[in-house]
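Common to both upcoming complexes is subunit A, partnered first by subunit B, then by subunit C.
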Partner chain A sequence: MTRLPAIVWRQLGGVRLTVVVLLLLVVDCAMGYWSLRGNNTVFAPLNDVGLFPWARTYGMNDLIHTAWFFTLLALLFILAINTFVCATDRVIALFKSRSRFTRPGRFALKFAPHIMHYAVIVILTGYLSSYLFSDVYPSQTLAPGTAITVPGTRVRLEFLSFDYQYYEGKRLEFFEDRVLSPEARLKLSNGVTERTAAISLNRPVRYEGYGVFMKNFAPKKRGRKNISRPYVEVSIRKDPGVSFYFTGMALFSLGLVMYAYQWLFVKAHGEERQ
Partner chain B sequence: MSKHPHIGRLLFVAAVLGAVFAINVITLNGCDRTQAEKEQSFLQIGDFTIKRINPDLVEARDGAGRILALIPRNTEPPQGYTPDQIVRVPVRSVVAYGNFDVSALRVLGVLEDVLVGVTTPAEQWYLDDVKRGMASGKIVYLGDSRAVDFERLKRQNPELVLTWDHSAIPMLNQLKIPCVITSTPVAMCLNARMRYVQFLAPFFQREPEAEAFFLKVSDSVRVIRDRTANAGAKPKVMWGDIYEKRVLVEPGNAWVGELVGLAQSDYLFEDVYGTSCIEISVERFLHSGDDADILFTYRTADSGATSKAAIARLNPLLAKVKPLIDGKVYAPLPHYVQSGHRLDEILTEIAAILHPECYPNFELRFFEELPDVDPAQKKEQS
Partner chain C sequence: MSSQQFLYMALIAYVFSCAGSFLPRGKRWIGALALVAGMVLNALAVGLRYWYAWPMLPMYWGLPALPLCMGIIICAPAIGETEEIIEKQRLAEHRNALALIVLLTLLTVLFPRDFYLPFLRSKTIFSHLFLLCGVVGKAFFFLAAARAMAFLLLTKANADNIFSVRGEKRILRCVVWGFVFWTCSMFAGEIWSYIGWGTPVVWEDPAITMTMATWFYYICLLHLHLTKTWNIRQRIRYTAAGALVTVILNCYSDLGPFRRPF
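And then the complex of A and B:
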């Protein structure tokens, strides 16, 4: 019985488990592709309500289309454990053999792939924490001159003005008269200080730990009859996963640079002869 | 397996972990509740949802993804909701922008009691209940939906506004009138179209009426499926129109596309996905026009759809599509858009148009088949 933890540890870190999980992931994602088609309405609220409330409502309500997603979570969980165990085994082995390295720099470069593996786990943890712990205030609609206050805080957003450019080209008739690059100017305040900022699609604003994202806007076309009054629809979210993403990406980049350096300069010059 | 014992063990580990996870998820759903309670606790209708938190609180998610808390009258608002999210039920007075919302109120049997404002003028209404209400002054025309007179709206003192116009939300928030966005970013599928009244029902505490309507329409769909199951050749159908600068069609995910497929026919915009009345390129429209047998246009006779020749005159590009050359073109009658409460009849009529051989001597009530030329023009020619 005393050997059981060691056996489990070895099994969890095995490359065969990696291969099996990756193959299962391919099959599962293929099923996800078919399940997602035409069923966006089931999955879109996941961004707003969080993982567990979503699982208890949308997820369980339509298991035929969501089973692949629960399987995906389980497979990613196993893959994360497998990656952690595998990388940790290699790191321990590397530390044990550190006496073989004469130059500390060369020894450090050997950690490059393991740093990248740990980075992937950090990024996955970030996604999980986003879906578990985010505060989301979806679909807040603002007209020019109106304001909203984030519930439970003194954070206030006032919609000052809306700037946009029309497509002026001639080549894409489909885009004729369409609004391109919509930009809303907001006044952000917390009761003590205030500042103005511009948000647009794909360019959110960060303020007091909250991200403000433009989801929708109007008008979308140059004025003709039936044109909508101007408004922007924003989603406000406090997402603890963001710091994990950035940390993970920074770690991955570091590992990649170290790996590339080792590959280009150390191995290429045949200097690594331990 | 004996050659690869590790793979067998690993698959076993994966299976065990998967089973544990599945058990966890099922446990999260709450095994202590009965099946009936579980079914009632959450209902998804396209983008809309109804979630029963407890007997005194229902959460509704509207077409814009906004959460509304439905609570009985004379009760304290629950924690965690802003004032504009609170709707006291049963709602006693409503302003409705859309025809389909007015039809839904009729299905629920509350139209005459609660409707106090609309955005269609009196002379354009075909529903007797609305005409009576407007004649008596109970229901008021609030101006065009893009230029609503909010002062008049406020005077009508509605407890709820049903609107597709997102830009009205800030103004209604200022007036402290809760609103429901009844349009969705993606076109309603057939199931959502049939169940939409079940989304509105909790606002008026009329769930039995909504359920009865859904069952009635479900029955009509089942009859359509059975009746057209052995129909002959599959007609190819397109639903849309070319306007001055835009080409608008019903996408394949819309209830129209789904119904056409269900009635043993081919919908030629099956690959188009998105909102109702979605804009596509003229080339894509004409490409389908080469194959189509039947065209359903959005235009009514009032907007120029009096004959195939008249439509071709409105836009010469349309003259190239096969239904105008040797197929059939159908236009909605003016009261069609206000007939959502007769959805079962509309679905049956569309099936009868697609497969007249399955519905002999069927009398059209919501659509008309366009002649080749206008009657007056035909007289002149003769």
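And then the complex of A and C:
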């Protein structure tokens, strides 16, 4: 019985399990493509309502199109465990054999794949936290001079002004007189301090742990008479997963650079000398 | 001239280039010249579409740019390539790569998807990086497959000699480069997703699942190569199958309805 945990640990970290899970993930993601095509409205609310409420409603009511997603979660869970066990085993073994390395740089480069492995777990944790613990206030509409307060907080957003840059040139006829860069100036306050900030498409604002993202705006075209006042539609999100998955991405990139350097230059030149 | 017309001409030049690679050694410069001409025409087609859409991202631009990118990699000096290989192998790899370039250009010409307008949210450096790194990654995956096919054609079934080891290293190097660029593309896409939509995944675009599938496929390949889980021929077959997998997973979504070229 005492050997059972060791056997389970070894099986969980096996490369055969990695290969099987990865191949199943390829098939599952490909099936996801066909399920998402034409049915993306089923998945769009996932970003706003979170994983469990979505699974209880949209997810369970349209299993034909969502089964791949539940399978994806299960496979990613197994992959995360497999990655952790495998990387931990190898890191321990690497530390035990550190006396074999005469150059500290070469020893450090050996950690590259393990950094990437741990980074994958950090990224997956970030995604999971994002879908489990985010506070999302989607589709808040603001007109100039109006303000909203984030529920349960003293964070207040006031829409001050709107500035547009129009599409210049004649290359795309459709875009003539259309707004290319909408920019809304907001006054952000928490009851104690306040500051102004500009948001645009692809340029969110972070304040008191909340991210404010521009979802929509009006007017979209120069001289449109049917819209009396400009407005912006924003979504406000407090997402604890963001720092995790950006940290994971930075770690993965570091590991990837170390690995590519080792593989493409150190190994190649080492063999050349031999 | 339109972007599509430049692509037709690029296709013709690529066909000549592929045919030129079968000429005797002294006349192969004709094929090389045709390849350069094809790349110039392809660059004009791609550049024109980019010019129209700038500063936004041209939609479904990846497939027309792919043969150009493969051509550039073929012509560029290979970084870190220290293995000496026989002329026969180099030629087989070159022919396979050219055949893939012709096939991909033919797909682009017959099934163009050039009728979508760019969208405002693509006006960020990250959308451009997402596409560009993705194209370079795919080009390396196709070149790895071209090398793998040459390896399978030239080596005997039970070969396990220095030639096999060198061949596998050359293939794996392409896969590593492809994986680096593909990962950069995915990360650029994630940053774009966050700054544009505030979410880690944009479910509106089903192609995201195909990007993930390709990433998992090549992670699996790297694990197979590095841990030597399968034997060398099985691993090389898996790499060669990568071309088909990449076409199905990543090029299919860039194809439009059939359009007669002339």
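Quick note on the criterion: the second predicted complex is superposed on the first by the 255 of 274 C-alpha atoms of A that agree within 3 Å, B and C clash if a C-alpha of one lies under 4 Å from a C-alpha of the other, contacts with A are read in each partner's own complex, and residues count from 1 in each chain.
One rule holds in what follows: a contact is a pair of C-beta atoms (placed from the backbone, for glycine too) under 8 Å apart; a residue touches a chain by one contact, two chains touch by 3 or more.
Bear in mind that the values here come from a model prediction, so they are computed numbers and not experimental data.
In the superposition on chain A, A:Phe107 makes contact with neither subunit B nor subunit C.
In the superposition on chain A, A:Asn40 contacts both subunit B and subunit C.
When the two structures are aligned on the shared chain, A:Phe70 is found in touch with subunit B, with no touch to subunit C.
Of the two partner chains placed by the overlay, neither subunit B nor subunit C lies in contact with A:Tyr166.
By the document's definition of touching, both partners, subunit B and subunit C, reach A:Phe174. Touch criterion met: A:Gly59 reaches subunit B, while subunit C stays clear of it. Of the two partner chains, subunit C is the only one touched by A:Gly32; subunit B is not. Shared-chain residue A:Arg16: touches subunit B and subunit C both. Common to the subunit B-facing and subunit C-facing surfaces of subunit A are residues 16, 40, 44, 174. Remark: subunit C residues 51-55, 79-82, 117-118, 120-121, 123-124, 126, 173, 176-177, 180, 183-184, 187, 190-192, 194-201, 203-207, 209-210, 212-213, 216-217, 219-220, 223-224, 227, 229, 245, 248-249, 253 touch subunit A in the complex.
Touching subunit C in their complex are the following residues of subunit A: 15-16, 18-19, 22-23, 25-26, 29-30, 32-33, 36-37, 40, 43-44, 46-47, 126-127, 130, 171-172, 174-175, 179-181, 201-204, 211, 213, 235, 237, 239, 241-242, 245, 249, 252-253, 256, 259-260, 263-265, 268-269, 271-272.
Within the complex, the subunit A residues that touch subunit B are 11-12, 14, 16-17, 20-21, 24, 38, 40-42, 44-45, 48, 52, 55-62, 70-71, 73-75, 77-78, 138-139, 141-143, 146, 151, 174, 176-177, 216, 218, 226-231, 233. Considering their complex, residues 6-7, 9-11, 13-14, 17-18, 21-22, 25-26, 28-30, 42-44, 46-47, 49, 51, 61, 64-66, 80, 82, 146, 165-167, 169-171, 173-174, 184, 186, 189, 245, 253, 273, 279, 281 of subunit B touch subunit A.
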